[in-house]
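Per-chain numbering from 1; labels A, B, C and D assigned in written order.
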Amino acid sequence: MKHSEGLKGTDIVEIEKVQRETHDTVSLYFTHHDDAKTGQFYMVWIPGLDEVPMSISAIEEDGRRSVTVKDVGEATHALCTMKAGEQIGIRGPFGKGYTLVGKRVLLVGGGSGMASLIVAAREYARVGKDVTLCIGARTKEDLLFGEQAGIKVEVSTDDGSAGFHGFVTDLAERLLNEDDYDMIVTCGPEIMMKKMLDIASAREIKYEASLERLMKCGIGVCDACAIGGYRVCKGGPVFPDTILLKIDEFGERRRDAAGRVVKL
Amino acid sequence: MSDLSVNIVGPRMKNPLMLASGILDETGESMLMAVKKGAGAVVTKSVGLEANEGHRNPTAFEIGDGLGLLNAMGLPNPGINDYEREVKIALTGGVPVIGSVFGRDGKDFSYLAGKMEDYGASAVELNLSCPHAKGVGMDIGADPEEVGIIVSAVSSAVSIPVFAKLTPNVPNIADIALSAVKAGAEGVVAINTLKGMIISPETGLPVLGNRLGGLSGPAILPVGVRSVFEIKQRFMKEEVNAVIIGVGGISSAHDALQYIMAGADALQIGSVMRWKGAAVFGEIASGISDFMDREGYSTIKDMVGIAQEAKK
Amino acid sequence: MSDLSVNIVGPRMKNPLMLASGILDETGESMLMAVKKGAGAVVTKSVGLEANEGHRNPTAFEIGDGLGLLNAMGLPNPGINDYEREVKIALTGGVPVIGSVFGRDGKDFSYLAGKMEDYGASAVELNLSCPHAKGVGMDIGADPEEVGIIVSAVSSAVSIPVFAKLTPNVPNIADIALSAVKAGAEGVVAINTLKGMIISPETGLPVLGNRLGGLSGPAILPVGVRSVFEIKQRFMKEEVNAVIIGVGGISSAHDALQYIMAGADALQIGSVMRWKGAAVFGEIASGISDFMDREGYSTIKDMVGIAQEAKK
Amino acid sequence: MKHSEGLKGTDIVEIEKVQRETHDTVSLYFTHHDDAKTGQFYMVWIPGLDEVPMSISAIEEDGRRSVTVKDVGEATHALCTMKAGEQIGIRGPFGKGYTLVGKRVLLVGGGSGMASLIVAAREYARVGKDVTLCIGARTKEDLLFGEQAGIKVEVSTDDGSAGFHGFVTDLAERLLNEDDYDMIVTCGPEIMMKKMLDIASAREIKYEASLERLMKCGIGVCDACAIGGYRVCKGGPVFPDTILLKIDEFGERRRDAAGRVVKL
């Protein structure tokens, strides 16, 4: 009976609102009725051009959703220049989201990884957990989601133009020295996430990270997003320390579009 | 107690279930995962001469609620030279690895097959059936004669068994199968995907980056079972003794048994992993075993092709 | 306000939706029912020279939960002489009646088409595509040349428009379509069913009485859309101006629009009536109308084939 | 997800019990979990031979079902000689069942039509309605379901070997003269059902009948069971007086396997 509603490849939605977040990052709002969970992603189709994975950066009960896109190439540029009323295709939600375990939680994010991490931070805060969000950016201008109601935010910049001057991992270590945390959650450049894994396991703090890999199908069949026998689109994008510690590719190598092994 | 093992390629397979080409087998580690979950053998992603990024996205998606997948990956692969690494890793799983290759002619195919043999593959599978790549796949695999020429070239170039993977987008799949086997193939694999397209009316565009793609999953099961039935029927009539590997839409032990009774000696499993993951290998194997115990079959061979004998 | 009418056969059709051959159209009264529920035209059951009881049961069943139907009716029909009654009754509905016929050669087809013309049919549809009947249907419809010969015979025998209904069980449906049109067909109908089989493992038997059957319904939509797309693409390339009627798996306005944008001027609706009854005609027509209003299309023609222009 | 359970054409069930009802009629018991309703039917596959429509003659909560088969030809003969442990295929339940409206109900059945009518009689009785079951048979030996707990049964035979001597329609008229009924339900030879329709409409009593036509698909696509633009397998097999009064084929003509019009 279900199929008699018709066969689609993707759900076409209209962009309802475009919100500029930084000089190179915008959030696109639309409505998509689904059971999206914190940390999941969509495959976003730019009709006629490309389809790219995007974390779900806002999840409202009434079906309102957003993705937050950083302009890094052709597809993301097209998304960043879209206007309200234009159409995109949505497949998903896909993947496994954050476990949301832990009581005193340190979230460490960088770059467009903040799009994913921000929903985790908000969700931890909503259920009354003690949340500290540590954001790394190149400069003050690149800072994404720097202010959040009800969440302690700490900032680092590479050039010192805001907050801590240096790597966000160094900032994170300082916070870990000052306070007790029982959970570390991270999303951002893989080298940074790898560093946080080392820190977390040295301190025996539970850890999870949301990974990025080149994606094609998004549904666990094509192997494009493979990492150590897992698929980021299905086993992830969020993986626990227990798995990541066993994957020697993590923070080291990835696959290109042809499936060749390349250095990160 | 039922015995699921079959003797198709290299070491005896503990069950007749292989990982199908192109689904979770571009990397060695992913093939190992399928082995861990119970696959009796694995087929690699189809590999060509050069590294190839494939078509642009969207390259694959689900249609309906579990009805099937439509894909136009465009045969992405690292190229045969880089692929040694993946085969070697897959081989550590201890089950036969079948190297799938694609090319434009007998020369390409022979070279690629030779490399796969060198890497340690137990057999090669010739992709004569991909429906969405120019000049390769079904562009050359829909004609019995061309298939014969390619198979014959490869068969004399390698000493491991050669399997021809066939397209269902033809009126006469049994003719093509017969031609492949007469040219020296150990057997055939049926079926590859059905040529298909999905359009998004709101945008007026085909959804796949390549527009045209291949349909797989539950939707194509009846076409695959029929194809295997027709091939087996022809092999019996011509008294040809060759292996048939059934693939297309298998989601359950019930589906797998349909292929076996139509005439398949072994099976390949692909799209269903979108819904059940690699755990489906264990599920189907134990489902077949339960069925055999219940209905009194002791080996897979006892069931192969029994639907052919239906009074008619 | 959107205008759904199209000018394909005889009186202008109030919408592009026809009842497909073989589904609820063996009797005149059933065709009238489809008209009452909104069909813009009806195609009769395929009729041959003699009365034919068809294959033995099981002749048709559903597979999956709404995934599709598998049938091997075996072209049951009362024979062309008894069929006058049914056409006459259907004609009282006031919409075009298209007579579907099947035979072994140009002579059979011409005779049958002539009778349909005498009975008052607005057009004839040549069934060159049924996948489960010996010596007729796709047995003669998979070859572009044979199709050309038959179409050309019929075209010179009748003065009403001739449509060739094509099989998707071929690698080159566009070649066959082109051949039909060059031989004088007003247009083509694509697609008939995919050759398929379902086996019952518990009994070791194919379930259909005829063993082999045809797959229809949602499962085949992507194959149908692709077929129409390929045909339209070829017609455009060859600058051939001919009608394309899309059929296969249409269940909703969304599906119907995919066919139109691929290149179909009109559509036929069959299997979905298993789930939605004939009321589906009204549902799809109003769904198309809503879509056109929303997206700013004023006629069906404005949408025909627009997916061809996709930048690539 | 559903399809990943596998694609079947028919459900294979094992016959659990065979019960002889008369010299030429047996009931086959099996288990089939479905939501069968009073008056619906199955398509019953005799593997390798044929598939025929059969009313569901018993519906138990735990999935126990039966069909009651009269040996009239090749397929029904095969069914009537089946043994417990043998397998048949089941498709369905199909069709629209009885409406089960009315408070004082006269059920009029004949021949194998009793297989369908008996479940209606039992269901009316179960919900406390006043039920009279009128059974016609050729002889005493042909009498099907002649004794039913909690149901008034009246019998007629053509040869007078049991009950009323004559047509069941005459017996029914007698009962209608004696008592008030607000509903007539009938299943059996079509001439008989047609006669009952005339009687019911003359007396302005609500009426419904369960029809038989040659069936192929059973699911409303092939038109084999067509009657006056309706399909017996889908619009029926139970039709109300309002529809039957408008169908001039009823009681007069049917279609043969080739779709030709033939006299009943």
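The rule we apply is simple: contacts are C-beta pairs under 8 Å (C-beta built on N, C-alpha and C of every residue); 3 or more make two chains touch, one makes a residue touch a chain.
None of these values were measured; they are calculated from a predicted model.
Keeping to the contact definition above, tell me which chains border both subunit A and subunit C.
B
What's the minimum number of touch steps needed to get from subunit B to subunit C?
Counted as steps through touching chains, the separation is 1.
Which pair, B-D or C-D, has more C-beta contacts?
Between the two chain pairs, C-D has more contacting C-beta pairs.
If you average the CA atoms of subunit B and of subunit D, how far apart do the two points sit, in angstrom?
So the centre of subunit B lies 49 Å away from the centre of subunit D.
Determine the centre-to-centre distance between subunit A and subunit D, using the mean Cα coordinates as centres, and give it in whole Å.
Centre-to-centre distance between subunit A and subunit D: 62 Å.
I'd like to verify one number: the distance from the centre of subunit A to the centre of subunit B, where each centre is the average of its C-alpha atoms, in whole angstrom.
36
Listing for subunit B: what residues touch at least two other chains?
Correct list: 63-65, 67, 70, 198, 202, 205, 218-219, 221-222, 254, 310.
In subunit A, what residues contact two or more other chains?
Where subunit A meets two or more other chains at a single residue, that happens at 2-3, 7-8, 48.
Across the complex, what residues on subunit C touch subunit D?
22-27, 29-30, 32-33, 45, 51-54, 56-65, 67, 69-71, 73, 76-79, 82, 85, 198, 200, 202-203, 205, 207-209, 270-271, 273-274, 277
Which residues, counting only subunit A, touch subunit B once they are in their complex?
Contact set of subunit A toward subunit B: 2-3, 7-10, 12, 43, 45, 47-48, 50-52, 87, 89, 91, 216-224, 226, 228-231, 234, 255-261.
For a test of understanding, state which residues of subunit A touch subunit C in their complex under the given definition.
For subunit A paired with subunit C, touching residues are 1-8, 48.
What residues of subunit C sit close enough to touch subunit A in their complex?
Against subunit A, the touching part of subunit C is residues 65-67, 217-219, 221-222, 249, 251-255, 272, 275-276, 310-311.
State the interface residues of subunit B toward subunit C in the complex, per the touch definition above.
Checking each residue of subunit B against subunit C gives 63-64, 67-68, 70, 138, 142, 167, 169-172, 194-199, 201-202, 204-206, 211-213, 215, 218-223, 225-226, 229, 254, 257-258, 261-262, 291, 295, 303, 306-307, 309-310, 312.
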